[in-house]
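I've put the structures underneath this note.
In the two complexes that follow, chain A is the common piece, with chain B as its partner first and chain C second.
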Partner chain A sequence: MHFGPHLLLAALEGLVTSAVLALTALGLSLVFGVMRVVNVAHGEFFMLGAVLAWAITTAIGGHPALGFLAALVIAPLIVGAIALVAERLVLRRLNYNPEATIVATIGMLYIIQQLALSFYGPEARPVEPPFSYRILLPWFGYSGYKLSIIATSALLLIATWLVLTRTRIGLIMRATQYDSETAQAFGIPVGRVYGGVFALGAMLAAVAAVLIVPISQAHYLMGQDPLLLSFIVVIIGGLGSLRGTVVAAVLIGLSDGIISMFFSPTLAKIIATLLVAMVLVFRPQGLFGTASR
Partner chain B sequence: MSEASPAKAYALHLGVIALLFVLSFVLPEYYYGLLARIMVLAVFAMGYNMLFGYVGLLSLGHAMFFGAGLYGAGLAIIQLGWSVPLAFLGGIACGAVLALMIGLLALRTTGVAFMIVTMMFAQVFYLLILYFATWTGGDQGQVVPQPARVLNFGATSLDLTNPTVRYMSALALFSLVLLVTLAIVRSRYGRVLVAIRENEERTKMLGYDTFSNKLIAVVVSGTICAASGAAYALLFGYVGSSFASVQYSILPLLWVLLGGAATTLGPLIGTVFMYYVIDVTSGYTSAYLLIVGVALILLVLFFPKGILGSIRQRWLGWLP
Partner chain C sequence: MADKNGFFDLSKTALTRRTALKGLAAGAGLAVAPGFVRYSQAQSSAPIKIGFQSHRTGIGAAYGRWYEKTTAAAVKAINAAGGINGRQVEVIIEDDGTDPGRGAEVVGKFATQHKTDIVFGTLFSHVVIGSAPAAGENKIPYFVVSEGHHVASTKLNRYVFQPGITDVKSQIQSMAPWIAANAGKKVTQIFPDFAFGYDHRDYLPPALKAQGADVIAQIAIPPTESSFTKYFPQIPPETEVIYHVMVGPAVLTFVKELGEFYGSNRPQLFGFIDSLEATDINSPGLEFLDGSHFWEGSPRYAQADDSEAQKAYRAAVGIDDNGAAVGDPKDVSTAAHMFGCWETLYVVKKAMEDAGYKGPEDRAKLVEATEALTAFAEGPEHPQGAKTFNGKIHQCFGIQNISKVEGGKLKVVHKTKIEDGLYEAEGDYTTQAL
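Then we have the complex of A and B:
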């Protein structure tokens, strides 16, 4: 292939990564924005979504679309419920102290990872895509399913944006994010909001995982990369900013796709990680928000 | 805290060292080897505690300092054919220089951003090891050959692969680092560090340059961790990328939390205890990560001061 088609292919692959990354990072960003909790276990909720998608599609059988749609609904619900329990049992008791919650979510990460290893096993397992339709582009055919991931992700992001800006639930969440004490004084059940936001964040990661699993297989260690990339997106995009998250996700996804195709995936990760670390070092207050409030 | 009885504190620490020495004659072979490894890793935990316990800076990237020592010493022998003492010093120097660089950058941030920045630098370090696989051996790692791990003093030679030599070398390093940390935390400088942990603004107002004090602490902490890594490469003969992964940044945090942050003997107790728990439970289950995870959550929920920290709070106020 020539350079042009190669670049287009890299850009398309990058956009698929961006779509999944935007959803995952949005979950992390909401949790940090509203609760001031850095959820290190976020990648494991992602992994759990993929593993559950495998379990659900295997259990249902029949036409792949049937199992996939069921997984798309059920897997995030289960992951959300698990996250809610974890929030109630652990994070709330720590009073959302930033450093203690980091240690606690590291603990959750290990527990979820080990449970996945024990019950699911170390193999990577495939999930059949709901449809296998190839769209013919001028130089090559491209998977229609991959394009539908981009569309689905865009729809979900718009839906989240509408909920956050146009509904009462969104208003309550923003009030809690802005000043949780005043919100409490005005009768907003801050504890319940925190529980809901933590579950919602985990569910967004799970949805993203269900979308990606037909092209990347489910594996118990698959949560590590999305976690790191989400951190990068959240830091570059700025906290609690949906627009920033999407822009950063597209930026990171595209550059990851292109650098990976023309150089090496490891080099792409090294460059992205180093750049973001430098951004954090030289503009900590600007990009990491008002951490000390 | 410990002002009342300097003699008592030094006696206790010398007692622990003496106990470890005596233990070497009574322990069965298996535990003999295990304890040597634990002492080297406890040095890693002590280095971590220097920064986390005494300055209150939670780093999630200390695996890179351990890794710098490990690879600095290991590659100096494998690729450059250096002698053991030179390789050991080379590994420590790698860690010290890296710590200085990372400290200058990462200390511009605080709190949560500090953790994430250190984690990211460590991730870059880890990825670089994988990227330069032709020299580092990538994720397979490399074995330091046995003939290269012999110390020659003229006519006599010390073989680091011999269990007794290995145990005594580990004990020597452990004792040295223990006494050095004890001296540091009891010194004027150590008090400044604790003051920074308790209230950085007030310390600044008292006229202390908190940035350079913290920077020194990062370098000391990184250097101790690198010494542990270098010793690991020389004594156990394996240099691998897993030692630079995120997990090895989290383990020293776990050991220190368990033993008691900001206590000089806590890291040793935490490391011994965690190894022992894993050793016992691995007889029943292979779910090693589950234990680590549950331990982290339970510690942070119910036991934030750790074993020695709680003992100090309840009974022995003089513990350093």
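Then we have the complex of A and C:
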């Protein structure tokens, strides 16, 4: 294949990765930004989203788009509810102590993984895409559904941004993030905000998973890669920075697509990890993060 | 980040005398509980214990589940017919997590804690390779149902056997003539970037060369990869056959993306069934495979000419004519591999009877008796087909099936012969000390 089409394919693949990664990493970043909790179980909420999408689409049947749309709405809601329960039962009782919550979320990771293995099983199961349209380019065919992921993700990111910057909910979240004690003094129910943010973070991961599951499959171990990549994105972009998360996700997704196509996938991972190290050395707060107070 | 609440302060949780006594009492209770009974009477009444190293979790879990079902069915049949040397067979299962490190631990656990007579089971080649040294150190016979060339290469040790399933080198050699004659002469290989994949990488080019065909590109894909489109531009345009052998949960994505990339205008496809094991051929996106060919050790779908032994085996294991669990058409089996568990257990039975095996002190005798075996006849004990066994390389050789995907089913179109897969032994385990 010639260089031009080759690069086009690499860029398309990279953008799909970026789109899903941006949503997943945004969830991780929000939770840390507002609650100072490093959620190691984030990847498992992603996996739950995919597994539930399979369950919902299988239960509904009919035209694949029906099941898929239902999954896009219901799966994140269920995952959000599970996250809310976990937050109430575990994180709150630890007073959001940073070290303790890391250990606790590692525990959650294993619990969720084992529950998925017990109830869903070890198989990778497919979910039918809502529509299958193959875009025929002169050099190769490309999945129309994959392109729609990029568009959907962009819309969701804009919506999240609007909520954070233009609504009262966003204002409360930002106030809690800025100084939770003062916010509490001004009558903001910090505990409820924390619960909501943790659920929202998990829901973003679940949405990302529902979007990706028709081109990948639901599998109980699928949470590991998104977790690692989300950490990379969040560290490079700056914890709690929405703009940084999106920029870093595009950067990592594209570099992964292009480097792994022209050189090797291992080299892409090496470069991404090296980038994390460099960012930690020269700009510990991340490219767009603000220095900690 | 201070430890304000004392979550990490272990000094507060000192062991009280009461707790220690409770622990002791519980331990003593366990020791007299059933299962810990010592068979002090004649050894002949104690069951023969087989330690089953199973992929219960990790990427091999679907295989593990079916390996367990097949093993349970075979043990049930063996016990119903009087067991081995008049003793019942008991299987003890430990999860290896499809992980080489845990695999080695499990082998050690069987040898020292469960004190099993042998270790049996596992599939994934990296787990076999990781566990083999532990079997050698503990001098415990280790019967694997993998298919990599690692056992037959004589790179492992004298305690490792693969008597129930043919190895990749032999499989490839027996199928290369069919590929060259029917699919095409210019082949691009796509394989997983680890042990089992390397067998394909190393042995396909010479096998095809001998048939006047060529491997024109080799694309290695890391085992953790979940998206494949970015590798497809590496497939040379003049490719006539894409030879694919992918394993793990991402295989469906692999085939679907290949379908999107090529559409109907694709080269011929020849796949090792590993690309499709435990996967429903009628899954969305797999229509693309229609008309392509797969290699199968034992056919997934019941064939018109199935032997009585094959029918009885399928009924015992509980798979229907489509190779799915009886009563659950979505629960697709790993039919092309799991017969190896059934057959290996019958090889173990034969070797134990030949050796007059009584207990762990006879393990060396068991090794020698297994090495002395030469052939297994097709029948209820070997439903996949007749096999020859080479005691020097601890490897069996059998027939393979080449099947075509037609109307959402696999139909066998060619069966190879045992001779097609024979090769020169690369070493001799029998020269190693026991």
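Criterion: the second predicted complex is superposed on the first by the 278 of 293 C-alpha atoms of A that agree within 3 Å, B and C clash if a C-alpha of one lies under 4 Å from a C-alpha of the other, contacts with A are read in each partner's own complex, and residues count from 1 in each chain.
FYI, a residue touches a chain if its C-beta (ideal position, glycine included) is under 8 Å from a C-beta of that chain, and two chains touch if they have at least 3 such contacts.
Just so it is clear, the structure is predicted and the values come from calculations on it, not from any experiment.
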Which of chain B and chain C A:L221 touches, first, second, both or neither: second
First, second, both or neither for A:S241, with chain B first and chain C second: neither
Which superposed partner A:E99 touches (first chain B, second chain C, both, neither): both
Touching partner for A:L9 - first (chain B), second (chain C), both, neither: second
Which of chain B and chain C A:S260 touches, first, second, both or neither: second
Chain B versus chain C as contact partner of A:Q184, first or second or both or neither: neither
Which superposed partner A:S148 touches (first chain B, second chain C, both, neither): neither
Shared chain A surface residues [contacts with chain B and with chain C]: 94, 98-100, 103, 117, 266
Complex contact set, residues of chain A against chain C: 1, 5-6, 9-10, 13, 17, 64, 94-95, 97-100, 103, 117, 121-124, 126-129, 132, 134, 136, 140-143, 215-217, 219, 221-222, 225, 257, 260-261, 265-266
Touching residues on chain B, where the partner in the complex is chain A: 58, 60, 105-106, 108-113, 115-117, 120-121, 123-124, 127-128, 130-131, 246, 250, 253, 257, 287-290, 292-297, 299-301, 304
Sites on chain A touched by chain B in the complex: 38, 90, 93-94, 98-100, 102-104, 106-115, 117-118, 224, 228, 231, 235, 264, 266-267, 269-270, 273-274, 276-278, 280-282, 284, 288, 291-292
Contact footprint of chain A on chain C as seen in their complex: 1, 3-5, 7-8, 57-59, 61-62, 64-65, 222, 224-227, 229-233, 237, 248-253, 256-257, 260-263, 278-279, 283-285
